[in-house]
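Following are the structures in question.
What follows is a pair of complexes built around chain A, which joins chain B in one and chain C in the other.
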Partner chain A sequence: MASGIKDKVAVIGMGCSKFGERWDAGPDELMVEAYLEAMADAGIEPTQLDAAWFSTHVDEFGTGKGGTPLSIALRLPNIAVTRVENFCASGSEAFRGAVYAVAAGAADIALAVGVEKLKDTGYGGLPVANAGTLSPQVAPNGSAPGNFAQLASAYRSKHGVSREDLKRAIAHVSVKSHANGAKNRKAHLQKPVTEEQVLNAPMIAEPLGLFDCCGVSDGAAAAIVTTPEIARSLGKHDLVMVKALQLSVSNGYESQFNAWDGSYFHTARIAAKKAYREAGVEDPRRQISMMEVHDCFSITELVTMEDLFISAEGQGWRDVLDGFYDADGGVPCQIDGGLKCFGHPIGASGLRMLYEMYLQLQGRAGERQLADPVLGMTHNLGGSPASNVCSVAIVGREGA
Partner chain B sequence: MDRILPQPTPETRHFWEGCKEGELRLQRCAACAKSYFPPRPFCPGCGSREVEVYPASGRASLYSYVINHRPRPDMGAEPHSIAVVTLEEGPRMMTNITGCPQTPEALQLDMPLEVTFLKASDEISLPLFQPAKG
Partner chain C sequence: MTTVGLSAWGAYAPRLRLQRKAVAAANAWIAPGLAAKSKGERAMANWDEDALTMAVEAARDALGPGDDRGGVDAVYFASSTAPFADRLNAGIVSAALALERSVSSADVTGSQRAGLTALAQALSAVKAGAATTALVAAGEHRRARAASAAELDNGDGAAAFVVSGGDTAADFLGHGALTADFVDHFRGSDAEFDYAWEERWIRDEGIIKLVPPAIRDALAAAGITGEDVTHFCFPCTFAGLAAGVAKACGIRPEAVRDNLGQVIGEAGSAHGLIMLAHALEQARPGDVILAAQFGQGAEALVFRVTERVGAARPARGVTGALADRKEETNYLKFLFFNGLVEWDKGMRAEKDNKTALTTLYRNSDMILGLVGGRCTETGVVQFPRTRISVAPNKAAVDTQEPYRFAERKAKVLTWSADYLTFAMAPPNHYGMIDFEGGGRIYLDITDVEPGEVDSGLPVRMVFRIKEVDERRGFRRYFWKATPDRSAIAAQTAQAAQAAE
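Moving on, here comes the complex of A and B:
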C-alpha cells in the first residue's frame, strides 16, 4: 500500500511575480521574476537543480509548448524539464511532479514553475475551446459563468436557500477576498469593495454578477523542493513540509448519469477525503489553519467549503455570512485575495496558492499574517462543475 | 463572431445527422436497456457495445437553468438561458430554451418542453427546446 507523501518533501524556496495586466513583461520575464525570488529564497545555485516541471495552460499565446520555454527563459543547465497541463489546475501538477521526483529519489532538488500570459488577447475571459472528450456534445450552449452559475440554481433548490440569502452569501465571499487582496501588493486587484457594490453590479449569469467572477491575469509562480535532510544540510530549519497531494478527475459520472444533482463537486469531495487521510487530518474544521481555494466564481468557493468538509452540507452559506472564512474567522480563506483579487494566470495559480501558504507558515506574510498557522490547504480546480480535475494539497509545519 | 459549432465524429455522426433531419436520436443499450446521452459507441452504464440508435420523442421537462446576461462572444448580445432538460427517455441534456421570454417568470422548473432545431450551418442543426404546445 502506498505510504503517501507526508513529511517526505520540504519546500525550501518560493517566488511569485506581480500578477495583473503585465504589458511590461512577456512570459519569459514573468518566469524569471518568480524564479529569481524562489532561488534567492532557497539560497541555491542553478547547478543544484536536478529537474524542473513547467505548467502553462494556453500555450498558443506566446509561451509555447514543451519544456523549452522554461529552460530557455531561465538558462537552466540542460536539466530535464517536463511541461504539464491540466486546465486551471496545471500549477498544482507542476508542483506534484517536482515533489514526486524528490520523494522518489530521482532528484535531490526540483523546481516547479507555472506561467500564463493572457491579457494580450484583449479578451476578459478564457478563450472558448471546442475540442476534446464529449465537449462538443454537452457544451455547445454554455459559457464559463453560465456553467458555474448552475451550481447556484442547484444549491438553492437542494438546500432551500432563498435567492436573497444566497446572493448575499456569495457577495460576502467576494467582499472578503477584496478586503484581503487590498493588503497584497502583488495582487491584480487591490481595491476593497462593499456588499452593496457587489449586489448591484451588472449581471453576468444569474445570480453571478461582475464581482462574483474572477478575471484572468498575467503572472508566474515558482517552488523549489527537496528532501528534509538536504534542506537541513543547506541550513534550513522550521521547514514547510508537504503533507498531502491529491488529484481527482471526473470520469463522466457527473455529465452522463442523472445521479449528480449539480450542486457540488464530486471530485473535490474525493480529493479532500484522500488528502485528509494522507495528512492524518481527522477534523478539518479544527485542524486546517487556513486555505486557498479555487474561487473562479463566488459560488464555486461557497460550495467548496462543503466539498472540503469544513462546513456541513447545506450550511456553507451560513458559515460564509457568519464570517467563518474571513481573515479573522475560524478558517481564513483566500488570505492573499484568491483568484478573485490576486488574479488567475492559469498555469501559475496552483503554485500561487501554495506561495501564500508557505509565506504564512513561515510568518512572512506581512500585513496579512495570521496568528500561528500550522496546516494550510490548497484547492485548485480545472474544468467545469460537470467535468473537471480537482487538486487538493496540504502543507504544514514539521511535526504537524 | 460566428457561433462555435460541434464537429461530427464517427461516434457522434448519427446524432448530428438526426438533428439535420429534424430528429433527436438517442442510444439505448441492448444489454441493460439504459438510454443514454451524449453519443458514444458503448454503454456508460455497463460497458456493453451492443447499443442501438433510436429516435427520441423530443419531449422533455426543464430540470434546471440559468440566464446568461453576458453571453459567450459567439452567442450574440441578448441574455439567454442555459438549461438542463430531462428527456422523456431519461437522459439529461444541456441546451437553450427558446420560443419564450428569457425570464424566470417564463421559465418554470419542470415545465414541459419539446425539441426544436436551429439550423446553424449546412451540416449542423443544434437541438434546442421550446415550451410544449398543447
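Moving on, here comes the complex of A and C:
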C-alpha cells in the first residue's frame, strides 16, 4: 500500500474572499482577494511559488477554461497553472494537486486557488447547462435539489422514518448552520433562522424547502502548501499538517446496478474509510474534533454523518436532533456556516472548508473558535447521489 | 383469394379529459354560442404527448406485452398532425417499438381519412404478399384556435391495428374509396391552424354526397348490402349526419355507432380507427363492421368479426382508455400545453435544447427503443449497454447483448417532485426506477400529481416528448415512467382482500 500523505505537507497560508452575491466583483477580483490574504498569511513573494492549481466548475458562465484566468488575474511569474474540475469537489481537487506536487518534490511551494462566479446568470439557483450531448437526451429534467432530494425518499423508506421526523431533523441541520453562519463576517447568509421558518419555507424539491438548500454564492479561496522543513525554515511553527486526502468516484454501480438503495453515498463511505486509514484515525466519532461537510442540501449533511461513520446507520437523524453536530456538540459540524450559510461558490468550496479547519487549528476563528481542536475533517462532494465524486480530507496539528 | 384481416388492435387516449363546460364558461364572454357544445369531455394530450407518442402507445397495446416483434415487416403511421414534415415519422414509431431494421415504413397523411387509408394500404400489401404482418398506427393531436368550435369538437387519441393473413379477429371483406378535391377545411404546410368553409355546404354538398358512393363500393366489393352491417363507424361532428349517411346506404339506424364525441372528441385521422377498435371490443363473432371516414372524398372498409375476436382483445383498447381518465377543468392548462398562450417560462427555460443528431443516431436503440444490455456471462442487466459490464464482481468486457426495458414492470426506488427546474407541468417528478429482472434507470415520471409518487410505486414505461427545441423545430423523444394503474389497482384489491 502507498505510504500516504500523512505529515508530508504543511499548510502555511490560506485566504478566503467574502462569499455572497458579489455584484461588485468578477472572478478576477475574487481570486485576488483570496490570494492576497493567503500570501500575506504565508509571508512569501510570488517568485517563491513553483506551481499552481486552479479550480472552477461552471466555466461557461464564470471564469473560463484553462490556467490563464488565474495566471493573468494574479500576475503569476509564468509558472505552471493547472485548471482542475471535479464537480462541486473541484476545490479539494486543486488542493490535492498542490499537495501532491509538494509531496513529490516537484514543487517546494505550491498554490491552490478555487473560484466561482455564479451570480452573473440573471436568475437564482445554479446555472442551467447541458452536460455533453447524450445526457440531455436521456437524463431527467431535474435540478441539484431534486437530485439530492432523492436521498430523503430512500432514507425514509429504508429506515422507516416518517416524513415529519425527517423534515424536522433536516430543519435542525439548517438551523444549526444558520446559528454558526451568524458568527462569520465572511458568510453569505448571517441571519439565524428558526425551525418554524425552515419548516414553512417554500418547497423547492420535495421534501427540501428553501432553507434546506445552500446559498448560491460568488467567492474564492486559496491555500499555500509546502514541506514541513521549508515551513520551519520560513519561521512557521505549530504547523497545520495534511493527514489524509482521499477521493472516490462513482463508476455506475449506484446508477446502473441493482444493489445501492439510494439512501447514502457509496463513494463517501469508501473515501472516509481510506482517509481514516491514511490519517491513522480508528474511532472517528471520538477522534475527529470538527468537520466541514458538503451540506449542499440539509439531507446531504444528514446522511453524510452516517457515511463518515460518525453516526450509526439509520441513527444520523437522531444525532442531528440531539444536537450532536451543533457548535457545542460532540463533533461540531459546519462551524463557519457551511455551504448552507458561508455559501457555495462551487470551485472554491473545498478550499473554503479547509480554510475554516486551518483557522480553528491555529486558534484564529474568533467568536466561533472551538476549544482545542486536534483533527479537522472536510468532506467535499460533487455530482448527484447516484453518480458523484467524493473527497475526504483530514488536517491536523503536528504530531496528531 | 387469401384471407387477410385484423389480427390485433390497440388504442390510446390521453388521461386528461378536459371538461367542455369549463371551456365554454371561460369563453362565454366572447363566444356565448359555445354553450351549445358544453356537454361532455374531450381527451387532452399532456404537454409531452403528440400524435406520434400516442400512436406508439396504441401500437404497444396492439402488439401486446411481449417484446418479440420480429414478425412485423411493415409500418404505416397515419396522422394529419405528424410532428415532422420531413423525417419519417413511421421510422420513429419503428425505433420506439424496437422493430427490425428490415421493416418497410410509410407515413400516410394529408387528409382526415388518412387512418383508414393507411389501413386500406396495409390490407392491400398483405393481400398482395408484399408484407406478412403490417402495423398501422394512427395518432392525432389537432390544434385549434382558442374559443373555436373545433377546440371543443376535437380530441386527442390514437389507435393501431395489426394486419395479417390467416386466422384473424376480423376478416377484411371489401374496400371503397372516392377522391374529390372538396375543401371543407385546409391547413397550408406553413400554417398553424385549419381554415374551414361553411358547415351547411360541407354537410349538404360534401359528406352526404361523397361518402355514400365509397360505402356502396365497399359493400359491393364485400358482396353484401347495407342491411348486413351491424356496426357502422363514421366519425362526424354534425349531429345526425352519420344516421343520414347510413340511411343513404341502406344501413340500419341501430347499426350507427356512438362517435365517442362526448368522451374523447374527434381525433381527426385516427378517429375512424378508434371507432373501429371500439366496435371490435363490443362486437360478436359474425358481426359486420363498416368503417368510413370523410376527407377529400372518403374511404370505406368492411370487416366480418370472427370467433377469435375475444382472444384478440387488447389489454387497454378503447374501453380501457376511456376508463383511465382524469377530469381536467383548467382550460388555461390546455391553452399552455397547446402553445396558445405566450407565458413567462423564466430564464431556466432558455437552456438550448439543440439535439446532436450524431449522438441520437449512435444511441438510437437506447434513446428511442429503451434497449440496454444483458451480460451473457453473468446475466446482469443494465442500462445503458456498455462494453464493460457494471457488475462489481465481474466487469466482463464485450459480453452484452441487447436487452429491452420498455415492456418490463418496474418500481420507484427514489423520487422527488421538483419545483425549481423548468417544467411544462410542475412539479417535475423523477426518480430512480428499478426494473423487475434487473436494471435501473433514472427517469422522468409523467402523468402524476403531487402526492401520488412514493418509493415502491409500480410504474410502467411510456414513450414521450423529452424536450422541444423551439428554435429549430425539433423535438426529442425518450421514455418516462408513469404509475402502473392496473398494477396499483390489483395491489389495492389484494390489500382489501387481506384486510377482510
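As a working rule, the second predicted complex is superposed on the first by the 390 of 400 C-alpha atoms of A that agree within 3 Å, B and C clash if a C-alpha of one lies under 4 Å from a C-alpha of the other, contacts with A are read in each partner's own complex, and residues count from 1 in each chain.
Assume a residue touches a chain if its C-beta (ideal position, glycine included) is under 8 Å from a C-beta of that chain, and two chains touch if they have at least 3 such contacts.
Please read these numbers as outputs of a predicted model, since none were measured by experiment.
Participant: Should the superposition on chain A be reported as showing a clash between chain B and chain C, or a fit?
Facilitator: After superposition on chain A, chain B vs chain C: clash.
Participant: Kindly classify A:S143 by the partners it touches after superposition: chain B alone (first), chain C alone (second), both, or neither?
Facilitator: both
Participant: One more residue to check, A:R156. First (chain B), second (chain C), both or neither?
Facilitator: In the superposition, A:R156 touches chain C alone.
Participant: May I ask you to decide whether A:T121 touches chain B, chain C, both, or neither, giving the answer as first, second, both or neither?
Facilitator: The answer is second: A:T121 touches chain C but not chain B.
Participant: Is A:V374 touching anything from chain B or chain C once the two structures are fitted on A? First, second, both or neither.
Facilitator: Touch partners of A:V374: none, neither chain B nor chain C.
Participant: After the superposition on A, what does A:N258 contact: first (chain B), second (chain C), both or neither?
Facilitator: both
Participant: In the superposed arrangement, does chain B or chain C reach more residues of chain A?
Facilitator: Higher number of touched chain A residues: C.
Participant: By the touch definition above, which chain A residues appear in both interfaces, chain B in one complex and chain C in the other?
Facilitator: Dual-contact residues (chain A): 123, 128, 130, 134, 136-143, 145-147, 149-150, 152-154, 157, 202-206, 252, 255-258, 262.
Participant: Within their complex, state which residues of chain A touch chain B.
Facilitator: My answer: residues 123, 128, 130, 134, 136-143, 145-147, 149-150, 152-154, 157, 202-206, 252, 255-258, 262.
Participant: In the complex, go through chain B and note every residue touching chain A.
Facilitator: Result: residues 4-7, 9, 12, 15, 36-39, 44-45, 64-75, 79, 82, 84, 86, 90-96, 109, 126, 128 of chain B touch chain A.
Participant: Mind pulling up the chain C residues that touch chain A in the complex?
Facilitator: 346-348, 350-353, 355-356, 358-360, 363, 366-367, 380, 382-384, 386, 390-392, 413-423, 427-428, 430-432, 434, 438-440, 442-444, 450, 454-456, 466-467, 476, 478
Participant: Which residues, counting only chain A, touch chain C once they are in their complex?
Facilitator: Where chain A meets chain C, its residues are 121-123, 125, 128-130, 133-134, 136-143, 145-147, 149-154, 156-157, 202-206, 208, 251-253, 255-259, 261-262, 385-386.
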